[in-house]
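You will see subunit A twice below: alongside subunit B first, and alongside subunit C after that.
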Partner chain A sequence: MNTRLLPYVLILPVTLFLCVFFVYPFILVAQEAFVADGALSLDNFRRVFGHWKFPLSLRNTLLLAAAVVPVQLGLALLMATMVNRMGRGRDLVLYIWTIPLGISDLAAGIIWLAIFEQSGFLNSMLHGLGLIDRPVNFLSYQHPGIVFLAIMLAEIWRATAIMLVILVAGIGLIPKEYYEAAEVFGATPWKRFLRITLPLLRPSLQTALVLRVILAFEVFAVVAALGGTLFPVLMGQTFVYQFELLDRGAAAAIALVILGISIGFTLVILRVLRVPKGARI
Partner chain B sequence: MAEIQIRNVAKRFGEYQALRDINLTVADQEFMVLLGASGCGKTTLLRIIAGLETPTEGEVWIGERRVDHLAPRDRGIAMVFQNYAVFPHLTVFENIGFGLRMHRLPDEEVRKRVHRTAELMHIEELLGRYSGELSGGQRQRVAVARALAMEPDVILMDEPLSNLDALLRLEMRAELKGVLAESRTTAIYVTHDQVEAMSLADRISVMHQGRIVQAATPVEVYRNPAEKFVAGFIGNPPMNFLPARSVGEGQWEVAGITLAGPRSDRPGLDFAIRPEDVTPDPAGLAARVRVVEPLGPHLLVTCDVDGHMFRAILDSELSVAPGETLNLMPRPDRIRWFDPETEKAVS
Partner chain C sequence: MAVATRPDPRRTGRLVYGAAVVLLCAWVLVPLYLLFVNTLSAPETVNSFPKSFLPEMDTGSLAFFARFAGMLDALWNSVAVAGLTMILSIVIGAPAGYALSRFDFPGKATFRLLILLTRAFPLPLLALPLAVMYIRVGLDDTVLGLALVHTTLAVPFAVLITFSLFSGIPLELEEAAWTLGCTRLSAFRKVVLPLILPGITASAIFAFVISWNEVFAAAVLTIENRTLTAFLLQNLDTSPLHLKFAGGFILVVPALVFIFAVRRYLFAMWGIANR
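Right, the complex of A and B next:
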């Protein structure tokens, strides 16, 4: 076969697959969002933006992402550094730390619900210790802070491992001699982390952050399980429009809003963490 | 002032004994080369001095301080790595200034020292570039400049020229020697290249199987190898060996001729002579020529003497062909003798 054509032939199946199951549905969704009553219009967006829950769910989504992602980044970096320094047992620890990755987000939400609900572990523990007389309903409208905290904890528990895995691989790619050189030339362990690990980890940090931030804007099941209607988020609103209000146009519009935010943040992350040409390993 | 003392240092990696009972003193401002084949422990010893490995036993002293329990950064050393380890995410300027910044020198001082060492290594025009935009030779210069900028008491070099091509290596070798002599630091330099060792060193420590076999000046190591290993390792081609049988009164029979040697009660010794220390002489060793290699300034002749391989470096005007027999007389003052059991030199 013609060697010039071969690469294109080889990527044809996956291109077709993506076109049929990604590009085509995406076009349909976009069409749905921008068309109302058979004509091109922004009515769907107006309706979505005009609803009193939209600013609230937008704020909640951004707030949650802002609270969760930095903590996860810090934790993942700490854990990755620790794993990287381990000799024996390294793989075992890594497997255990990545277990939450294998659990669906709804299941994760339910696990944390079992801790925080009125008859949950937290209440029985506090009662057992004599700190409370009767069970407290932590996940109620009276304790918005605790609802937020519970969602944050569940998200951190559930999705830190995805960053960890990427960062462990990235740290493993940094040649050992850079650390030795830094050590000889006077860098303390903390300085080595700041001046060698972090800058050389930029490509992996990009991937991990982009992935994690996008997932954070799509947060849904954990919030549904723990917060219910107390803590509306964008993806939850999409679900409500589509399946409860049966308003497909609005659901499509809000889905595009989420996509837009994700693309925006991705571009910012890629820009901030870019590696200058010639400065790559 | 930094004299380096290594006292009874040993290093084990699990079952493997990488270094055993190393004792070595490197004088202030001396250029010491650790020379040996791969796996002899030379890099391990250098890394122990740097603090990148801890010795299993023994002590390391730099100047008046015992340093083997100190972190590398507290030892007053700088190092040039085999693969340069020039940081890819920093410019050449920041690479050279890295150690200075880590020691919190004021910006002005950093700038001054970076420019001075960059000038010394002829890389002033590269200061704004990243390592990915440099050639191997330029990276090498950056690595050396980074070490020199520290103005360290001791500079350690781990095969710094081994990744350069032959011509560049020759150039850098001469330059390195000049720069280091000027900087008046104590230097320890690891290499497996004996020509490099001979040309750079004040003293060479020849290492073999985790031991220092001989530590002496290049000429001494070449002329008077302390052990048969050194005689067979140094020199290209290395020394020739022939078995010698005692005929009493310090006389030894070597491949049919009688030569004066040490008075020893051993029945046999190993006779050794460098290829360039033989001359054609009818009374010499009968050597059957196998291969003749004209190398320009001289001829390298590989012969067979009494069933043993024997190489001679002869005048290029001599006409000799394979199959002929030469008679080669060793220069009496250049003959060396080794005990075949202990492999040590006998005099």
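Right, the complex of A and C next:
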């Protein structure tokens, strides 16, 4: 076959596929959100914004992301630097730390439910230590703080691995000579981390943060498993509109809100962590 | 953070470091262990208080799970959707990965942008408009329909992963085969394919896991033919605890095996492919 044409033939299937199942549905969802009763209008958005649960679920989603992502970033950085200087046992430790990468958000929610539910392991432990007489129903409306904590822990537990993998790969790309030179000049490990690892890791940090933040705004099943209706989030509201209220226009409108927040944050992260031309390795 | 990496004084430093490694391993493993304890205990034990931290080795919960109406069908649907997603994303994605690694062509940058762009969108939301589209074309509530959405999730990874895998195989190997009388196709089959097969398998497994774990689109697009995740989600309010835990266990086990199987490729797949 003609070599000039061959690459186009090879990318044709995936391009067509993405046009039909990625580009086209997004046009549809935008259309659905901005059209009400056959005319162009903002009614769907008005209806969504006017509902008392909207500010709450927006706040919850953002709050959860703000609580979870920085912890994950710190933890992933710590784990990645630890793995980097590990000799024996590196493979085993890395395998264990990346296990949550393969675990679905629903399963993660169920796992932490085993700990926090009324007859669960946290209650059993507190009882065993003699701190409580009767099991406490932690995941109820009387304990909103604990519901939040449980969801937060489950998210941190589940989704730190994805950042870890990206950062470990990124650290592997930093030339060892920089560290050797820094050591010659007497830089402490902490200084080496601040002055070499962090700046040179910027592209990986960018990717890891973008991926993680977008996933944080999509949080859904963990919350459904642990909080139920106690902790409404945007993605859950989309689901409620689509299925319980059978209001597709409103569901599409929230979808666009999630999309807007995701794109907004992506742009901010790309801007803040941009790598100047010529500073790339 | 500083304490764990400071070797000064050496001994305490190493001790703190070792303790931190063990602690972080426990952080991952203990919750998993507790799920296993619950799954391998009788339903009565799971609902009782206080709980033992050792499993009874009772298969009552799992048996209940297997007998629960619709559960095995859901399990089968999950396997079918994930299998189909795996095949589709490799068949569609791998050729593009090869094209990206071997050719420079006008439009390459745009194509890469399209692939990367998919990453900046909350993809499960695609399920909303597709639900309507599917009813029109008769794909609603089918395994294929859901597999197509999951392929949208998995195919960008398949492209980028195979791109980095193919880039790892020197073009010279292929060229040598051409000079020895191979056509492009036969050189690919005899030289590149055997080298790339383990990596392709790894990225196929990865596509399987993406689909296996997906909840939102599965719950939106299936009604009668629920996948396991959608089925569990739908019954969260009503199902007894031991059913939830057994279901969680069934969701987790393949993930453990798969991550173990692809662990060598994890960094090629996630780390480099994401740059």
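Note that the second predicted complex is superposed on the first by the 272 of 281 C-alpha atoms of A that agree within 3 Å, B and C clash if a C-alpha of one lies under 4 Å from a C-alpha of the other, contacts with A are read in each partner's own complex, and residues count from 1 in each chain.
Everything that follows uses one rule, which is that contacts are C-beta pairs under 8 Å (C-beta built on N, C-alpha and C of every residue); 3 or more make two chains touch, one makes a residue touch a chain.
In this text the structure is predicted, and so the values were computed from the model without any measurement.
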| item | value |
| --- | --- |
| Fit-or-clash call for subunit B and subunit C when the two complexes are aligned on subunit A | fit |
| Subunit B versus subunit C as contact partner of A:Thr188, first or second or both or neither | both |
| Touching partner for A:Glu177 - first (subunit B), second (subunit C), both, neither | first |
| First (subunit B), second (subunit C), both or neither touched by A:Pro55 | neither |
| After the two structures are overlaid on chain A, angle v-u-w for subunit B, subunit A, subunit C in degrees (C-alpha centres, nearest 10) | 80 |
| Partner chain in contact with A:Val275 - subunit B first, subunit C second, else both or neither | first |
| Which of subunit B and subunit C A:Leu200 touches, first, second, both or neither | first |
| Partner chain(s) touched by A:Leu78 [first = subunit B, second = subunit C, both, neither] | second |
| When both partners are placed on the shared chain, which of subunit B and subunit C touches more of subunit A | C |
| Shortest CA-CA distance between subunit B and subunit C [superposed frame, angstrom] | 10 |
| Contacts on subunit A seen with subunit B and repeated with subunit C across the two complexes | 188 |
| Residues of subunit C defined as touching subunit A within the complex | 1-2, 4-7, 17, 20-21, 24-25, 27-29, 31-32, 34-35, 38, 46-53, 91-93, 95-96, 98-100, 102-103, 105, 107-108, 111, 114-115, 118-126, 128-133, 148-149, 151-152, 155, 159, 184, 209, 212-216, 219-220, 229, 232-233, 236-237, 241, 244-245, 247-248, 251-252, 255-256, 258-260, 263, 266-267, 270-272, 274-275 |
| Residue numbers on subunit A that touch subunit B, as the complex places them | 175, 177-178, 180-188, 191, 195-196, 199-200, 202, 275-281 |
| Subunit C partner contacts - residues on subunit A that touch it in the complex | 1, 3-4, 6-8, 10-11, 13-15, 17-18, 21-22, 25-26, 28-29, 32, 74, 77-79, 81-82, 85-86, 91, 93-107, 110-115, 117-121, 123-124, 127-128, 135, 157, 162, 165-166, 168-170, 172, 188-190, 193, 203-204, 207-208, 210-211, 214, 217-218, 220-221, 224-225, 228, 235, 238-239, 242-243, 248, 251-252, 255, 258-259, 262-263, 266 |
| Sites on subunit B touched by subunit A in the complex | 50-52, 71-73, 77-79, 81, 83, 85, 87-90, 98-99, 102-103, 129-133, 146, 150 |
